[in-house]
Amino acid sequence: MAWFSSRKATKETFSEDIWMKCPKCEKHIFKEDWQNSHKVCPKCNFHGKLTAWERIGITLDQNSFVELNSSISPADPLNFHDSKGSYKDKTSEAIKKTGLKESVVTGTGTINGLSVVVAVMDFRFLGGSLSSGCGEKILRASNYSYDKNLPLIIFSASGGARMHEGILSLMQMAKTCAGIARLNEKNIPYLSVLTDPTTGGVSASFATVGDINIAEPGALIAFAGRRVIEETIKQKLPDDFQTSEYLLEHGFIDTIIHRSEMKTKLHQILSFYGR
Amino acid sequence: MAWFSSRKATKETFSEDIWMKCPKCEKHIFKEDWQNSHKVCPKCNFHGKLTAWERIGITLDQNSFVELNSSISPADPLNFHDSKGSYKDKTSEAIKKTGLKESVVTGTGTINGLSVVVAVMDFRFLGGSLSSGCGEKILRASNYSYDKNLPLIIFSASGGARMHEGILSLMQMAKTCAGIARLNEKNIPYLSVLTDPTTGGVSASFATVGDINIAEPGALIAFAGRRVIEETIKQKLPDDFQTSEYLLEHGFIDTIIHRSEMKTKLHQILSFYGR
Amino acid sequence: MTSTKELEKKLAALMKSPDLFEKEIRDLKSEIAISRGGEKSLTAWETIQVARHKDRPTFKDYVTGMFTDFIELHGDRRFSDDLAICGGFAHLGGESVMVIGHDKGKTIEEKGDRRFGCALPDGYRKAMRLMRLAERFGIPIITLIDTQGAYPGLEGEERGQAEAIARNLVEMAQISVPIICTVVGEGGSGGALGIGVGDKVMMLSNSVYSVISAEGCAGILWRDGSKAPVAAEALKPTAESLLKLKVVDRVIQEPSGGAHSDYAGTFEALREAVLSELRPLKKIAPAKLTKKRFEKFSAMGIYNE
Amino acid sequence: MTSTKELEKKLAALMKSPDLFEKEIRDLKSEIAISRGGEKSLTAWETIQVARHKDRPTFKDYVTGMFTDFIELHGDRRFSDDLAICGGFAHLGGESVMVIGHDKGKTIEEKGDRRFGCALPDGYRKAMRLMRLAERFGIPIITLIDTQGAYPGLEGEERGQAEAIARNLVEMAQISVPIICTVVGEGGSGGALGIGVGDKVMMLSNSVYSVISAEGCAGILWRDGSKAPVAAEALKPTAESLLKLKVVDRVIQEPSGGAHSDYAGTFEALREAVLSELRPLKKIAPAKLTKKRFEKFSAMGIYNE
């Protein structure tokens, strides 16, 4: 039996240059396989988190993406401090770490030739949280869709509202949904792609009201946290609770699409838009 | 103890001129009480069936009712015969027995001064069944509402579609609902009053899509028959299954109104119509 | 499958004692009729047997055999994804459409999951969601009807079977894109009509469409379920009868032998019919379309005045 | 109820050993603040206690004390009648309106049935149904917000709590009649916002409105639930703060002593505020109304660019 087919790489043969552990099943997988499949585990089909730019890279046609409103960044409306420091410092750190200015990247581009407006959330930026800046960028993206009659696609990845901005973060739910409402009235398609995780204030606003709600396999999609619910109902929850598959069964997801097929399928769906 | 307060009238004291048995609780009640309360049992609150004309009498202002399309009567499109005879004979008999020409009476009138269009089904006429003629009269009533911008109220009392007219009876469901659709588009209120019983094809068409669904207490409101369901699920059903109260709890009835308050409440509701 | 000839031989034998074998003879006659399929001579009851034939194409057969690029879309956005009604985007001869239909399932397991095509309220609400989606995308709706009826269970009543069907009847009257409905198998009562309000309503030649099942009608009006063949005659549920009554616009001739004996021929006939109806409908302005649909259903019914 | 004076005497005693009685002193300070009510000097945490006060008027109090001719309407037409949200037609100073609000209940039994005003998806769908009904009747919508948040349970997730709230946010942006929302007690997160998108959004002076409860925020950002008073300060959930942030249009001063100490005065203040906002809104054409509502929410948020 060749070494690479042994059930577990032994410590001796493990090399961090070649191997990595799947964050989900914890099996050893080739780094190269992980990268080639765009962070999908070949053993357990776990769909790892993508950065906004990685997502744009595998979704939009090469060189087609034009970013919009890239200069928007967080303010600190409440002058917020918690036990670990100030919101200001947190955002500076996030900006430095990610190279992004907010938790979403927005712009236009084409998918196999079809023009779309996209907003792609990035979980690395403060957990993909919905802030004033993030909400503004999403609203402007939907306004751009509205003005240009182009379909809107939002890729969600978020822990929810960014509480450091207090009530203003909550209001972004209403603000982004008001943008979606205008698209609805003009019959412009809005596709929502829910990726791991899409929870809290993002699940309770634009992410779940797509004309078509698409999910990646195994994504956590939730309103309330699992622990909060377990405390409320004093019961263990089913294993697949709040996954893409669970939501499909309960009628809230139109279709689950594997990352490797996402671009093709998005194009197929958009090609049905007749106007 | 006076004789009239004894728990049961004895055979000796029972007189059919004065007493009757409640069809529901089977207790002895004064005929006069039954009539004065418009067939509501003073002991168990059972709401007995009213004829269309009785209903019109207690709902519309005196002398305000003007009947519309009174000449419509059943044809026999399928030349239908069953084991007990012909549909033709059945309708002749029903016409003779009830003095009606179809299972619904339609027209206009006022409720405490407010103008409305009403359609009132009569269970005596072949179980209030939905036929071509009944459907046509209801559609014309809704068209009248549409043309005159008047609220529509339909009082349902029906065992369902009239199978003696085959597929044409089924189509009356689509036909009447198409009429309701036009009212919706023009924002003309449609109040549906469900009385005992409202089942089958009538429950699955105009009766359950009121802007406001009102039910009399204890009415049977059902899609499928209790026995069919018990055969399907092989279980006993809850006692209140398919009653007004059950449907209220499950979200399909806006409000349950006692017969003695129906006119007042209908007027109150209509008075909120602002246009 | 037994050949028609063998069945006829069997029948001849039974006919020697027709009183004794009354039921067997009737069944065998049906079977012979079905094995012939599609011929004019079928009684209503026989046609019902053909419409229910276990080998008749189901929704998934149509979707894979007649349409291309099917993208199934799930869920009612309220409670569940009822598999008894299936739908999604698809292409039909170059046209983009939303196709929605009852799905009876093929395997035993599928049939169970789909309650043999008897939908819950969730199914009707899912259908309506997809119709509104078609409207947003500006593409026509094709429905394929094949159900004994809406599922008569506790769950259905609890969640508003009646309301769900009624709501569809109202909203299908308002949808501003063309709707073409075809009964491809059983058109059972409100459960069929719940996705059956269209600008054009068609039937396959061996399909049936009825306000109540023949068995149910026999049980009520004859107080004897075995009188179903008689009730079937009386109810006139065949395509030909419905065409005469102006409830359907067009009957699509199935291949000889019936749809179950020739899938490809059936799909071709249906495709041709749908496309020929669709093209003129697409040219009608939305407001006029819904007006004409209203007038179409307004005209249904026969009464004296 | 203990008098303010007595409480202050108790406080003075504890202040002799402030280190020993840290928690007791804080609680007592809150209690004193609450017993004073409505005064500017309340901390955010103290205001939260007033907003949650057990004697504060609930929905039914408003409906009977402030409105007339209330006709309650039930049900979401999908699944249930969630009593945690209550609504119906009513008159307010001569105006016909649809009033909808969270109902925490008064008696123990009511509180249980209503999950203390924490609604299920069914509640939000019922609210939307009533709003569409108001639109059909051409009358304005008044919402009264008073909830800790949407109910965080299995049922809620199963039936789409997230979708139900989100759908309301979309549809409330489209409703073509005036909408006036008032936070009368607790405005808890998405559960509050789910009936909170209006042409005018107001708060009673001792109500609070926050993206997360102070306790929840303390648990996450301080990893210590007992830091809720600190988190409360940081979250700035008071009416005054929200007015500054332009999230609310108007703060309605409660009677001194707080709403719980003077129902009639509270109703009068709220009635006056609603009516004075309503009259100009009624004159705006529907298309302009929704456009202005869109612009209002578009403008919310503070960011750098």
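Here the chain labels run A, B, C and D in written order, and each chain numbers its own residues starting at 1.
Following the convention adopted for this analysis, a residue touches a chain if its C-beta (ideal position, glycine included) is under 8 Å from a C-beta of that chain, and two chains touch if they have at least 3 such contacts.
Here the structure is a predicted model, which means the values were calculated and not measured.
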| item | value |
| --- | --- |
| Shared interface partners, meaning chains that touch chain B and chain D | C |
| Chain whose mean Cα position lies farthest from chain D | C |
| Averaged-CA centre spacing for the pair chain C and chain B, given as whole angstrom | 31 |
| Distance from chain D to chain C - Cα centre to Cα centre, in angstrom | 51 |
| Computed distance of Cα centres, chain C from chain A, in Å | 42 |
| Touching two or more other chains - residue numbers and ranges from chain C | 77-79, 159-160, 163 |
| Per-residue multi-chain contacts in chain B, two or more chains | 184, 250-252 |
| Graph class of chain-chain contacts, one of line, ring, star, complete, other | other |
| Interchain pairs in contact, sorted by label | A-C, A-D, B-C, B-D, C-D |
| Touching residues on chain D, where the partner in the complex is chain B | 69, 71-81, 89, 96, 122, 126, 133, 135-139 |
| Complex contacts: residues of chain C adjacent to chain B | 150-154, 156-163, 165-167, 169-174, 189-190, 193-194, 196-197, 209-212, 217, 220-224, 227, 231, 234-237, 241-242, 245, 247, 293-294, 297-298, 300-305 |
| Contact set on chain C toward chain D in their complex | 77-79, 125, 159-160, 163 |
| Interface residues, chain A side, partner chain D - complex | 69, 71-75, 77-78, 80-84, 102, 131-133, 135-136, 139, 161, 163, 165-175, 177-182, 184-185, 200-201, 203-209, 221-225, 228-229, 232-233, 235, 237, 241-242, 250-252 |
| Residues of chain B touching chain D in the complex | 184, 187, 189, 211-212, 248-255, 265, 268-269, 271-275 |
